[in-house]
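Down below is the structure, laid out as structure tokens.
Chain IDs A, B, C, D, E, F, G, H, I, J, K, L, M and N follow the sequence of writing; residue 1 opens each chain.
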Amino acid sequence: MDNLGLTGIVSIITAGLTIAIGSVAPAIGEGLALANALRALAQQPDKANTITRTLFVGLALVESTAIYCFVVSMILIFANPFWNYFVQNAGG
Amino acid sequence: MDNLGLTGIVSIITAGLTIAIGSVAPAIGEGLALANALRALAQQPDKANTITRTLFVGLALVESTAIYCFVVSMILIFANPFWNYFVQNAGG
Amino acid sequence: MDNLGLTGIVSIITAGLTIAIGSVAPAIGEGLALANALRALAQQPDKANTITRTLFVGLALVESTAIYCFVVSMILIFANPFWNYFVQNAGG
Amino acid sequence: MDNLGLTGIVSIITAGLTIAIGSVAPAIGEGLALANALRALAQQPDKANTITRTLFVGLALVESTAIYCFVVSMILIFANPFWNYFVQNAGG
Amino acid sequence: MDNLGLTGIVSIITAGLTIAIGSVAPAIGEGLALANALRALAQQPDKANTITRTLFVGLALVESTAIYCFVVSMILIFANPFWNYFVQNAGG
Amino acid sequence: MDNLGLTGIVSIITAGLTIAIGSVAPAIGEGLALANALRALAQQPDKANTITRTLFVGLALVESTAIYCFVVSMILIFANPFWNYFVQNAGG
Amino acid sequence: MDNLGLTGIVSIITAGLTIAIGSVAPAIGEGLALANALRALAQQPDKANTITRTLFVGLALVESTAIYCFVVSMILIFANPFWNYFVQNAGG
Amino acid sequence: MDNLGLTGIVSIITAGLTIAIGSVAPAIGEGLALANALRALAQQPDKANTITRTLFVGLALVESTAIYCFVVSMILIFANPFWNYFVQNAGG
Amino acid sequence: MDNLGLTGIVSIITAGLTIAIGSVAPAIGEGLALANALRALAQQPDKANTITRTLFVGLALVESTAIYCFVVSMILIFANPFWNYFVQNAGG
Amino acid sequence: MDNLGLTGIVSIITAGLTIAIGSVAPAIGEGLALANALRALAQQPDKANTITRTLFVGLALVESTAIYCFVVSMILIFANPFWNYFVQNAGG
Amino acid sequence: MDNLGLTGIVSIITAGLTIAIGSVAPAIGEGLALANALRALAQQPDKANTITRTLFVGLALVESTAIYCFVVSMILIFANPFWNYFVQNAGG
Amino acid sequence: MDNLGLTGIVSIITAGLTIAIGSVAPAIGEGLALANALRALAQQPDKANTITRTLFVGLALVESTAIYCFVVSMILIFANPFWNYFVQNAGG
Amino acid sequence: MDNLGLTGIVSIITAGLTIAIGSVAPAIGEGLALANALRALAQQPDKANTITRTLFVGLALVESTAIYCFVVSMILIFANPFWNYFVQNAGG
Amino acid sequence: MDNLGLTGIVSIITAGLTIAIGSVAPAIGEGLALANALRALAQQPDKANTITRTLFVGLALVESTAIYCFVVSMILIFANPFWNYFVQNAGG
């Protein structure tokens, strides 16, 4: 098995695992925050604006860690420098 | 075993594991948020509109992490650049 | 062992594990949401309609992650592009 | 060891593990929901009808994830397309 | 080691593990439900009939997941199609 | 190492692990139920009969999962169809 | 290494692990039940008889799962049918 | 490496692990029961006799699971039937 | 397989795992902090400014640990000194 | 590597692990009991005698499981029957 | 594979894992502290200065453990004495 | 690799792991007990003498399990009978 | 692969893991202590001096365990006696 | 690979892991005790002297288990009797 094949295989596995593992914590963190936002809404319905605004700004920050993983996963599939190097050499 | 076979096998495993692992956290996070929404509804039935609206917007955000995984899983099965490369070379 | 055999074996394992792992979290999340719905019903029996409606919409969303896994599992058993490719080549 | 043998062995293992792992979460989720239904009954005995109706509809949804696993397990034992393919070829 | 031997060994292991793992969650889920039924009984002794009826219907549903595993385990020991196939071929 | 030896060894391991793993959950579930029964007794001493009757019926159901495992374990040691097949062939 | 040696070694390991793993849950379950019995005694000292009677009957049931494991462990050391078969053949 | 050596090595490992794993749960279970006994004593100092009597009878039952493991461990070191068989044959 | 290939493969795996593992804790920590901020807002709506300011400064600090991981991950993909060294030597 | 060497090595590892694993649970159990004794003392300072007496009797019982492990560990280092057998044969 | 290649590979893996594992605990610890700071602010809004000052000094201390890991990770990538030694020898 | 080398290596690993694993539980148990002693002091400052005396006697008992591990660890490094035997034979 | 290479590789791995694992617990412990200090400040703002003084002395003690790990990690990278010995011999 | 090299490598790994694992529990235990001391201070500010004195004596005891690990770690790096033996023989 040559470098080209192994690099491809490893990229597939890593891309999949990165987004799979990387989506665990944001989903739980967002669920937790959302759950408390709903409790806060039930406690202070008059402040719904402030609460939902803070909630969505915070959720965006949490979502950002999932997006880091998605970015790395997409780079590994479609813009992988190691793969490109080996394809270029194999074709040379 | 050649590159083509290994790439196919690895794609199958990774596609399955990515969606399997990636659906764990969203399901739990959504269940958590839903559970608190129902408690909030029981506490403030008059604000049912605000609560369910915030709930569904939040759930969509949580669901998005599961969809990232589903997208990667589908890419690996039906639009896998590594597989296409090797098929193209094997057939060349 | 040739590519055909390995692809078949790996598809079996992955199909089984995908639905097995993928059904863990939805079942727990739904149980959690259901448990809280029942508590909410006991607290606000007059709002049974709103509570059960929100519950079933939410459960459908949670169930969707289990269905993603079931879809991938069925694709791997009955519409597996890698398996089809190798069968076609073996028969060619 | 040929493809036929390996496919059979892998089907046995996967069928067993799929139903074994897949029955863990529904059983716990149902136990959880049932436990809260009983608490709700103790709190609001007058609403026994609404509570038990919601309970059984919800339990059916949770049970469905166990049934997905059971279906995949039975397919792997009695209607396995990979096994059929190899048996057909071996007998050809 | 031939296919016959391996199939037998794998069937033994899988049959044992399936029932062993598959009995974990039902036992815990039933213990949980039973525990809450007893608490509910202590809280509302007058509704003992409704509570125990709901309890036993629910327990039956939970027990069903253990029975799925027991069925698969028995099929693997006494009605294993893969084993039968290989025994028939070995004796042919 | 021949099929006879391996089948024997695997039967021993599986028989032991099946009952060992399979006794974990029932013991914990029964302890949990028993603990709550005692709390219920302390809360409603007048209903001792109803409580202990429900307790023992429920415990029997929980115990049944341990007995499934014990049955499989005994079958594997004393009525193992795979072992019998190989002994019969070895002695033939 | 022949069948006789391997069977002996595997019997030793399995016998030890069976009782070791199998004693974990009963000890914890009994400790849990005992702890609640003492709390119940402190709450309802007048019902000491009923409480301790229920406690000891329940503990016996929990202990039974440990005894299943102990029985299997003793069978594997002193009445192992696989070992007896190989010893008889080796001495024949 | 012959059967004699392997049997000795395996007996050492199993004897150690059996008592090591087997002492985990009793120690925790006894600590739990003891902790609740002390709380019960603080709550009902007048019933010290009943409480301590129930405590020590229960602790003896919990301790019994540790003693099962100790017995198996001692049997494996000083009265191991497999070791005796191989020593007798080696010396014959 | 030469140094160049192995270095590439290892860089891919490490880059993916670093951001995947490294995003778990920040997402959970931020979710936790956000959840408490929402509760604090519900309790002291008049101090919304102080609370959200402290929240965002703190979240930035937590996010910094995710960014350390993202930096290391990007260095390993696009500015890897070990890869550069081997490429330079392979091309020399 | 001969039996003598392997027996020595295995004895070292097992002796260390036995006491290491075996001291985990007693230390936690004793810490738990001690913690509750101190709480009980703070609640009922007049019963300090009864509480500390029950505490130390109970702690001795918990400590006994650590001592079982220490005894096995010492036997394996200084009075190991398997080691003695092999040393005697090696020197004969 | 020579020393140079292995040292490079191992440095990549270790650098990634060090910062990945090392960022888990600080992020959780900081989230925990931040969460409590927000609760404290809600309880004592008048002492916002003292609370935020103590918070940021403490967070700096917690962050320091993440920085230790980042320092070791950077040393392993850019100032690795083992790598330098082997490069120097390979080029000599 | 001869017996002498392996015995030395195994002694190093076991000595380190024994004290490392063996110090986990005592440290946590002591921290737990200490934490409760401080709470008890805050509740009953007049009984500081009784509380601290019971605390230190109890801590000594918990510490004893750490000391068992330290003793075994020191024996394995400085008074290892297996090492002495092999050194004596190697030098003979 | 010679001693020099292996010693270097092992030093890199161990140095990284030591500080990575060793920074987990201090960060959590410090976060826990800091969280409680902030709660204490909110409860007793007048005693801010005593509380922060005790906090920082305690945090220093906790930080010391992280520093032990950092010291060992630095010794392994920059003052490793085993590496020095082998370099000296390789250059001799 | 000779005894000298292996002994060195194993000493490095064990020294690092011993202090890494051994610092986990003391840091958590001390954080727990410190957290409770701060709560106790907030509850009984007048007894600050008794509380901090008991705290620091207790912390010293907990710290001692970390120091045992540090001592073993330093012995393995700088005063390792096994390493000294092999160096002495290699140089003889």
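Just so it is clear, contacts are C-beta pairs under 8 Å (C-beta built on N, C-alpha and C of every residue); 3 or more make two chains touch, one makes a residue touch a chain.
All values reported here derive from a predicted model rather than from experimental measurement.
Hopping across touching chains, the smallest step count from chain D to chain J is 5.
If each chain is reduced to the centroid of its CA atoms, chain B and chain C end up 11 Å from each other. Measuring from the averaged C-alpha position of chain B to that of chain E gives a distance of 30 Å.
One inter-chain figure worth recording: chain E and chain J are separated by 38 Å, centre to centre, where each centre is the mean of the chain's CA atoms. The multi-chain contact residues of chain M, meaning those touching 2 or more other chains, are 1-2, 11, 13, 15, 17, 19-21, 24-26, 28-32, 35-37, 39, 41, 43, 55, 59, 66, 73.
Taken chain by chain, the contacts form a single closed ring in which each chain touches exactly two others. Contact ring, oriented from chain E toward chain F: the chain order is E, F, G, H, J, L, N, M, K, I, A, B, C, D. Against chain A, in their complex, chain B makes its touches with residues 1-3, 6-7, 10-11, 13-15, 17-22, 24-26, 28-33, 35-37, 39-41, 43-44, 46-47, 50-51, 54-55, 57-59, 61-62, 64-66, 68-69, 72-73, 75-76, 80-82, 85-86. Within the complex, the chain E residues that touch chain F are 1-2, 4-5, 8-9, 11-13, 15-17, 19-21, 23-32, 34-39, 41-43, 45, 48, 52, 55-56, 59, 63, 66, 70, 73, 77-78, 83, 87.
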